[in-house]
Every structure is written in structure tokens, then in C-alpha cells.
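Two complexes are shown next, each including chain A; its partner changes from chain B in the first to chain C in the second.
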Partner chain A sequence: MAADTLFQRITDYANRADPYPLYAELRENGVARQDDGSYLVGTYHEIAALLHDPRISSDRRQRTVPDGAAGTDEGVPPSFIGLDDPEHHRLRGMAMRSFGPPHTPDRIDGMHEDITRIVRDLLAGLADKERIDVVDDFAYPLPVTVICRLLGVPAEDEPRFREWSDAIVAGFDPTPDEDPAERQRAGTEARKTMALYLGDLAERRRGHPSGDMLSAFVNDAGPEGQLTPLETMATGVLLLIAGHETTVNLITNGMLTLLRHPDALARLRREPELMPLAVEELLRFEPPVQMLPQRTPLADIEVAGRTIPKGSPLILMLAAGNRDPQRFADADRFDPAREDNQHLGFGSGVHSCFGAPLARLETQIALHELIRHLDTPRLIEDPPEYRRSPVLRGPRHLLIGRG
Partner chain B sequence: MHIVVDLNRCQGYAQCAFLAPGVFTMHGEESLLYTPVVPEEQRERVRRAVAACPVQAILVGEEAGTGAR
Partner chain C sequence: MLGEPRADRIVIVGASLAGLRAAETLRAEGFTGSLTLIGDETHPPYDRPPLSKQVLLGKVAADRTGLPQRRRLDADWRLGVRAGGLDPVGKRVLLDDGADVPFDRLLIATGTRARPWPHPDEAALDGVFTLRTSGDAAALAARLDAGPRRVLVIGAGFTGSEIASACRERGLEVTVAERGPAPLVGALGGTLGELAAKLQRAHGVDLRCGVTVTALEGDGRLTGAQFSDGTRIDADIAVIALGAVRNTEWLAESGLAAGPRGVTCDAGCRAFDMYGIVTDDIFAAGDVARFPHPLFEYQLLSLEHWGNAVAQAEVAAHNMVSPGPRRRPHLTVPAFWSSQFGLNIKSVGVPTFSDQVVIAQGSLKDARLVAVYGYRGRVTAAVSVNQARSLDYYRHLIETAAPFPPAPGAADQRESPVPVPSDVPDPKLLSHGPTVALTGHLPDRRLTVVQPAR
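Here is the complex of A and B:
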């Protein structure tokens, strides 16, 4: 089939369970221009180079034809995932000050016990269920609870975050063949509501430090000063959204992949110290963020012999790069002990995932405890039912029986 | 357990310093300091750090003499 329909086919829900043959087709085409003037790139080395190229913008306002998601008219400014350096660097640095080294080196390590406790409590609640939905019963509640704790959102408000977050994520869905206007409007509205809530919570911490990240945003000034109230809101929303469904999908894709590869599952039971490597392999093999749809060249650029004009939508297919045989030996094979594994699951370059250490720790603990909890797990439905989104791809439910 | 970080390969991503802060510390934004002889209670953390390093710059030897130095 023609390469100019690839994006349509990749986003087609019928291909959600297995988009990998389409990604192979994309790699063979090098750079694929679509009818609507956007460009897809799916080969590892080209994606990696573009992610390190300062001529590639993450700011949607740089597009010749603006898209609906570009609007800032909702009042909350764009967060740093959608900004370029130097603004991106300044905001990311200020947020990092209360998240990781060098200023706060113990934050993530210090959450180890908390995460383990949350995971064990969730599993204890499932002890007499014959059938488990890995998504609703386990993977979904975990990241929300962890991020809320990190930011300092009271536990009783967590359910509201789930609602807002679902609406915001649905707003990003770029599936072309439907009118996305209503989804985008609802997403924008939810983002605003969540931002106001977080801003209010942060203001109440001003002068009353409570050890969490929102408190640090308003109380702890670094050399670059402090986040403004609007920046605090935008950053808070970003941390909540970016770390939510992504982590759910990594845990769920992880369990699904292990159940499809019983040898790997058995090996991880025997050698639990392999889990950190196995999680890296999952990020390569079934990455929760399949593509980065929001890049735009600031000048005409040449990629694999083709010119991508300034201002065109540029879509980087991370999941295709992760299976590129030019970069990975046996790229379509799941190898939980793979060592040479510089995958693109967390992106690369200046925007590479801010929350990666937390996501790694959460997923390692979650999968470790889950496979210990289930003696003889059995997949009830394969493939499972997937969520709509082709960007944040993962099962909507994952039903497992206990043997 | 001994470790050595190939500082030519290390890109300062700091993944190791998040996951095993008792062994790896960031000095300023980009330079990395680490303890080559890993205490017993840090082994699991170091394993996480090794797997997380995007450029596989951390080399491990389980016994003295096979790894660092």
C-alpha cells in the first residue's frame, strides 16, 4: 500500500493490537510524507539525530498550519514539554530542583518503600479474586497515587485527578478520521480545572513548607528564582499527566508481554535481579509512548535524502525506531536480558523523560510484586481490548485468571 | 561488587544518581562522582542504576579484581 496513507493506517483502531508490521513498512520507506503535509520518520538513527537537533522545535506554535492543540487561549501557558530552549531549560531545571540530583538526590530513592507498600496493599485487596483486570485493579491506581503523593495532593482528591487526566489524554488523540474538536475542548477545560486546583493547593503551601514538590515550587528558590504561579500550575499539570497513563501502559504492556513469553516470565521468577534490564527491554519492545507527534522543523531540513519543509508537522515514531534492525540485533525478539539497549522509550535529547527514574522504579516494583503474587497467571483474552489512542498505546483491560 | 564508570561514554543523564544516590552523586549539573567499591546494601540500587544508564557506561565486576581497577 502507499506510504502516504501510513499515518491513517497506524492510527486506525483496527491496527492497534499490532502496529508493528506498519512500522516495518515505514522504516522501509525512510521518510514518509502524508497527504496532509506531515512527515513520518521511523528509523532509529534518524529519529535519534532529530531529537538532538536544535532546529527541531517542540513548540506547536511553530507550525505553518496551526493545529487545535496549539492554543494558549485557555489561560494556562504551555508547559516545558511544549517549549524550546532556553525557556524549556529554565523551567525544567527549576522543576528538577525539587525532584532529583544535584539538589534533591534522595527524592526518588526515598519513595521505594512507599511504592512497595502501595503495590502490596493493592495486591492484598485482590487476594480472593479469581479474575483480575491488571489495568483497573492494579496498574491504573498506582501511578496516580504515587504522583499525587510526590506533588502533595491529598489522597481524598485523587479520584478527581483520574477524571481530569482521562479527559486531557483523550484531547491529545490525533486520530484524523473523526472530528476531534469536542475531545480537544473537553481536554482543554479539564487542564484548566486541574491547573486551578493545583495552583490553589500550591498557594496554600506558601510559607508552610510540607516537603512535597508543590511546596518546594513556592517555597524554595534556586539560583534561577522561582516558578511563577502560572508556571507552577502548568508544571504541576504536566507532571501529573505525563506520568500517569504512560506508567499504567508500561506495567500493563509488561505483564502482557511476560504472559506471552512464558520463558521470560519463568526466568524473572528465578532471577529477580534481572527485572531492571527486563523493564528497559519492555520500554524498547512495547513502548507506552509510541510516537512523538508534536515536532516541527524551524528550517528546511534534510532527512535520509528528503527535504522536510520548515513548519511541517513532523512525527517521530519511537516504537518503529525501537525495532529497527539497523540498530538492534534480533529487533523483533523480546530479550529480558538485552544489554545493548539504548531504546527510545523515554525519548532522547533535551526533552528526554523527566520522570524516567520514577517510572522505572514503579514498574520494576509493580511487576516484581505482581508475578510473585500470581502463581500461575493465565491470559483470558489475547489480544486484549486496547485504548483508543495510537500515541499512548496500551490495553484498556487486561484480564488474567489465577491458573 | 566493584564498579567503574566509563566517563568518556557517560553523558551526564544522572539516571544513576537518582536510583543509587548513595553511590553516584552529581557534582553540579554534569559531572559525576561515584564510589567504586559498592557496599552490600547498595547492590540492588546499583543494579537498577546500571540498567537505567542510557549509554551503558557503568561496568560491574562482582568480585574484587574483575571490575574496577
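Here is the complex of A and C:
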């Protein structure tokens, strides 16, 4: 067949604005083997089962044919998102000590006021603008400010780590283009640079606790000890990137979706208490992480009647599962009050999103304040221009007018 | 959908978790008739799992565990009055206060109570407790606050072990007496029982297995206890944790198949009468119900599990207001959890329905693992310790009657993949028969598939 494989079409930038028909095709196909030997799974129940299957590795080094993104970089080890238990559990647990329960149950809840203030300051700065770019003016600065405070990274260094972050995200873009090696090399290089930068910030706090997470990594020890300097670097890179690259898309996809569904927008203005449910629906309907491209079976496994051989690249299309009519009634409808909404937007299983409570809180506050701030917002460009990545999918800019 | 609207009056006896969830489901399914909940406790429905955990630790007051109500019920609550009898012909529930309550459909959800200490004189000593109700928990927590010199826990099942854990966390001296060879062994078998024993001792519990308490001593106040091995201890509190008794006495003359093992019902929660004929209008759910489960060779199961109370109540309520073809079976895979001695223990399936066990993930040494149980070559249960995230995977294996031992390849498999006997004491006499698997993910699409005996 001369036509591109399904995965090529899904990752093709031309289809970024609306990949959902391709996801429907994927669900129809069942487990889809691609020409390069990788397997795509796009149906809800199969994805959910694989996310809980202990024989599915997140460590790319388990692949029969290691790929360039497998972290061949000597120096910075993989972070826990790319490791399996028990190592994953140990590192994630140590990072969680200063982020959430049971040791720090109030950290995120305690940020409510802080986040609201940041949001209101951002909006106050936009009061005179007739035309707003939701991404640059709002959805990007918010999570960056929040994750900087949480980790203890100076916000004025944003231009530096933005560049590294862009390169790292491009590095794990699985789009099968002509020369992925160069992208991956640049991503690896950027990761190393960011790691050294964060490691240095952390080291300067050793012995001088400052209440942020980098400080906790080098000053607080649990029963399993402390993160090593290299582990601190790897974990810091992961949290800094995950803390803003995903939430920016969730907020932006959220505003775009609300503008495309004026009834839902009007309803949320009338019933602001629906916002938590609406954010869950956004995570289902337009998830900021569209797929998990780095899974690998550690044994031959059977999925929906098909055997996926040990060591094959396995790609879980979360966004396709989220629209599976076998799981969600009216799956292609955006329903801000949807009940029984156990979406895959944050994944599931051992690697279930570390920062989910923070992403939820930021997005709930951001959208609540944004729709209060804008009386009659309208989309200037639909579809908007998208960012390149098919994994972390979202608009590059989202221009709206005030009416 | 309300298929046969002849049920205008529904009465639920038992106003705890199962009763409440059934009532909510009835309303959610469109039942608009009169709804009466009868409960012998004066409190509105409350949650029991925290009573042996957060409440005993003093983190939550005993009267602050009320269950959230998920919708407005518009129900007639008769709290603080016990149901004393059932007239199935006249279709009335007879209350102890002399009133009777007529019904078109009845749900029996009377649950269980704590098994009392067998010697009433000793049980009456000041300092001797059981733990089932919020009142029990309040009284026990208050006495733990007062700083007793030693607490004796009789029985090392889940409740007893959780109580011992809470006492140790408070820094109190604890003796645990267990007739079996190890704590939790009756529910989880030998391998995890051994782990539990090790952990209790590591946490400073004076654990005595293979002994019984032959006497509680005291003169008005508890002062100590004697054991079957001839030893004795001083203790000023004893908690009797000898399991539960099903609240079925009120049904003794009802003609229903009700007795010490529960109210027997079919997979659709309809109660049987004493001849084994299924009734049309009387349903049972929760701890008091005893029902056949196809995954476990149609053995009648009585489950004292929070999750079962919810799931079974929902099925019972649905079936109470649905015509025959729309009724659903209660096919939920049993599941429960416990937290004690820093461990989070979760179980799916029926671990006692097993002959072998294998540590499929993690290790006993780290006290972080998944133990998978099998019976005659198929997976029947899994228990996780501090590692619950893959339990859904094992539940799927149980539902599909997957071969035991499970396929190797777990990323964190550490121990030998060779199964050992599960050492469940007093194994049930299991008969060999066809294997049954479950299909479908949605409640109304769940089916059983029978695979002929191999």
C-alpha cells in the first residue's frame, strides 16, 4: 500500500487540528501494527488494561530495536516516567514526599490563593488589549510561574529553559520524519543542559532550605534516603517540563473548546460549580497528552485477539480511547456536566500523572477567571495554528477578540 | 426504567451503607413510590471502615464518619427502631415498637454485628469492648485516650489487626491473641499471614498465635487474661475481634432461607424461601446476603466488604424496579482493602478459594508485592501489599479464568515464580466443575461464559 500508515497520518502535522477521524479509524482497526513494527492501541478498555498490566514497560531500553530517544546519553539517567518498578516507585515516592500526600498533603491545596492571584494579575495586564493570544498572554505564563515557584526556579530564567524545553519536547516527538536522529540528539543535549542548570540550583540550596521542591530534594530525607544529585537533575527536568508543557495545552484546548461550544460556556458562567466536571470533560475531549509513545511489552502479550511481541514499540492512543463509544455515551459530544467520566487524560496505573492535582487546580481557576474576565470573547482563527508535537498537542497561538 | 409499576411501596430494613445506596439507586432509576428505611441505630448512615483506623487514632471523631448522600432521597426514615419480624404473606415488616410497615417490595440489608465474647459475665467487665458501631468506636477511642497500660486484642483478622495497629501507633502496649497460626491467615493464607506476623512483631506487638484466651479476669474492671498455654497477662482493655454475626434472627419465623450464614438469595438478589423457592418481592444485599457467584463455582458467598455492599445494593435496587428480562446479575468480583502497620493491603477475588499462591510482583522482604492465588490451574484472587496499581490487571485475569500461575514478565518480578501451597486453613471442600468466565465491561452487558471442564 502506497498510502501512509495510520501512524504517519496521525503524526502528520496537516492533521494536527483534527486527528479525531483518524482515531476513529484506529478504533475500527483494533490493534494496528505499523510497517515499522510498532503497535497502536486506541480502544478504551484495551488501553486501560495495558496501563495496569505489570508486563508493560515504560523503559525504552527494553525495546528490541532501541530507538534514538532511549536516553543513550551517558550522564543524566532516565527520570521515573521512563523507568519501571521498583526503581520508578522509589524515585516517584521520593519526589512525592514534598509534593503530595501522605507527607505533604496540603501543598497543592495551599496554592489555591497563590494561583488565583497569578491568574488575576495576568488578566489585569490584558485589560486594555482588544485582541488576546490565550497562549502567550495567559495559558503559558500561568503554569510556568506556578512550576517555577513550586520547584524554586527563578522565573526570569524562563527564556533559557523555554528553549531547552522546546528541544526536549521535539526530541521525543515520534513523528516518523526523514531524520529523527538530529532532533533526538538536540533533545538529549538540551536535557543535559537543563539538568546541569537545575542541579546547580538545587546544590545551592543544600543546607539552606527554602521551602521549594528542589530544596526538599537536597535537604529532606525519607526512609529511603535522598535523591542523588543525578536523580535530582533528572527529576527536576521531568517536573519542570511536565509542569508547564501539558497544562498550557489543557488551558488553551479548554478555552478553544468552550468558544466552540457557546452553550457550555454560557452554562459555566451560570453554574461555576460545574467547572471541576468541565475540566474532567476537557481532559477526555481534548487531552493535552494525546498518546503514550514509550511503552514496551516485556513478554508476548495478547490484546484484543492479537499478539504484540515482546520488545515491540507500543503506542497507547489515550485521546482515541477517550472518544471510544464502547465506553462513553455520545463520545464525540462535549458535555461539561458528564457523569461517569473516568477518562484517560492523566493516564492510569503506576505512571498515572504525578502532577494531576496541580493541573486540575490551575485549569479550574484559569478557565473560571478567564470566562469571567471576557464578556463576549470570540475566536479570530478556527482552527488555530497548532504546535508541532502530536504527543503534547495544543495550539501555538489562540487569538480571541473581546467581541 | 420502571417496567412493572406494581411496586408502590418499598421498604428497606437496614439503614447503613447497603440500605442507603439501594435507596439512592431506586430514586436514580426513577422509582417515585414511597420509600421507607428502617434502622436500629439512631445515627443516619455512616461509614464503618474509619472506625478501626482514623477514629481509634483520634484523627476523626466517631460521629464524623457520616456517609455522603448522593441525592435527595425523599424517604421516610425510621431510625432507632429494630425490625422484629417479617410477615411475608401479609407483606409487612413488624417493628419492635409494635408498629408494622406494609411493603410491596422489601430489601433486607440488616448486615452484621460484632460477635460477642462467649462468657457474658466476662464480657460485662469494664474495659471489654467490641468494635462495630460508631458508639463502640467512640467508647474505645476515649479509653485509648486515657492511656491504658496494655490492650489485649482477641482475634487477628482484619479488624483485630487494624485495632492493634492503631494502638501501637498511639504508643500503647498491645497483646494480640490469635487461635490460628498467624494474623490474617484465615483470609489471606499462609504466605501473607507469615508476613503479617513479622510486621506486627516488628511494630512491637506481643503477638501470640496458636493460643486462645481462656478467661478474662477482673472484679467489675478488667485486670488481665489467661491463655490456653497457661500464661497470663495484665491488661486493662480487651477488644473482642472474633468476627461478625449476621443479623437474621428477626427473620426466624419469616419462612425465608435465613440463618447464621445469612439470607440466601439468587444472583439477582432475590431471597430464597426455606424450600429453596425464590421469592418475587423480597431482596437481600450487603453483609447479610449470601449469594451464588459463578466465578467461584456457584458457591454461596457472604462478603463483609464495603464494595460488595455498594455493588450488590445497586443491583438489588435495579432489579426491584425492573421487569425480568432487564434484571441484572450481581457479578462483581469481590474486593476489599485494609490499612495496618504502615501497609496498604488490597484484595480482588477470593483468596481463600485457592490451593496455590505465587508472588508475582515485588518481594516479601520489601513488604511491597502482589500475591496471586490460583485454584486448580486458574487465577482466583490477587492481594497487593503497598502496590495496588496493577490490581485491575489481576481482576481481569480472575474474570477471564486465566491460567495459574499468571504469565511471567512483570517488570518488578523479584521472587521465584514457583507457586507454593496457599495454606488457607480449613479449606472448603471445593468440587471440580466447569470454569466460568465473565465478559463485558458495563453492568448491563456482563455475561458468563462456561468453558467445559478440562
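By our rule, the second predicted complex is superposed on the first by the 397 of 403 C-alpha atoms of A that agree within 3 Å, B and C clash if a C-alpha of one lies under 4 Å from a C-alpha of the other, contacts with A are read in each partner's own complex, and residues count from 1 in each chain.
Methods note: a contact is a pair of C-beta atoms (placed from the backbone, for glycine too) under 8 Å apart; a residue touches a chain by one contact, two chains touch by 3 or more.
These figures come from a predicted structure and were not determined experimentally.
When both complexes are overlaid on chain A, the residue A:279 reaches chain B alone and has no touch with chain C. Looking at the shared chain after the overlay, A:350 reaches chain C, while chain B stays out of its contact range.
When the two complexes are overlaid on their common chain A, residue A:108 makes contact with chain B while staying clear of chain C. In the superposition on chain A, A:55 contacts chain C only, with no contact to chain B. Looking at the shared chain after the overlay, A:360 reaches chain B, while chain C stays out of its contact range. Legend: residue contacts after superposition of the two complexes on their common chain; A:379 is shown touching neither chain B nor chain C.
Legend: residue contacts after superposition of the two complexes on their common chain; A:89 is shown touching chain C, with no touch to chain B. Residues 352 of chain A contact both chain B in one complex and chain C in the other. Residues 360-362, 366, 368, 370, 387, 389-393, 396, 407-414, 441 of chain C touch chain A in their complex. By the touch rule above, chain B contacts chain A in their complex via residues 13-15, 17-22, 25-29, 44-45, 47-48, 50-52, 54-56.
Those residues of chain A lying in contact with chain C across their complex are 45, 48-49, 52-57, 59, 84-86, 89, 297-299, 301, 310, 326-327, 349-350, 352. Those residues of chain A whose C-beta lies close enough to touch chain B in the complex are 100-102, 105-106, 108-109, 273, 276-277, 279-280, 339-342, 346, 348, 352, 356-357, 360-361, 364.
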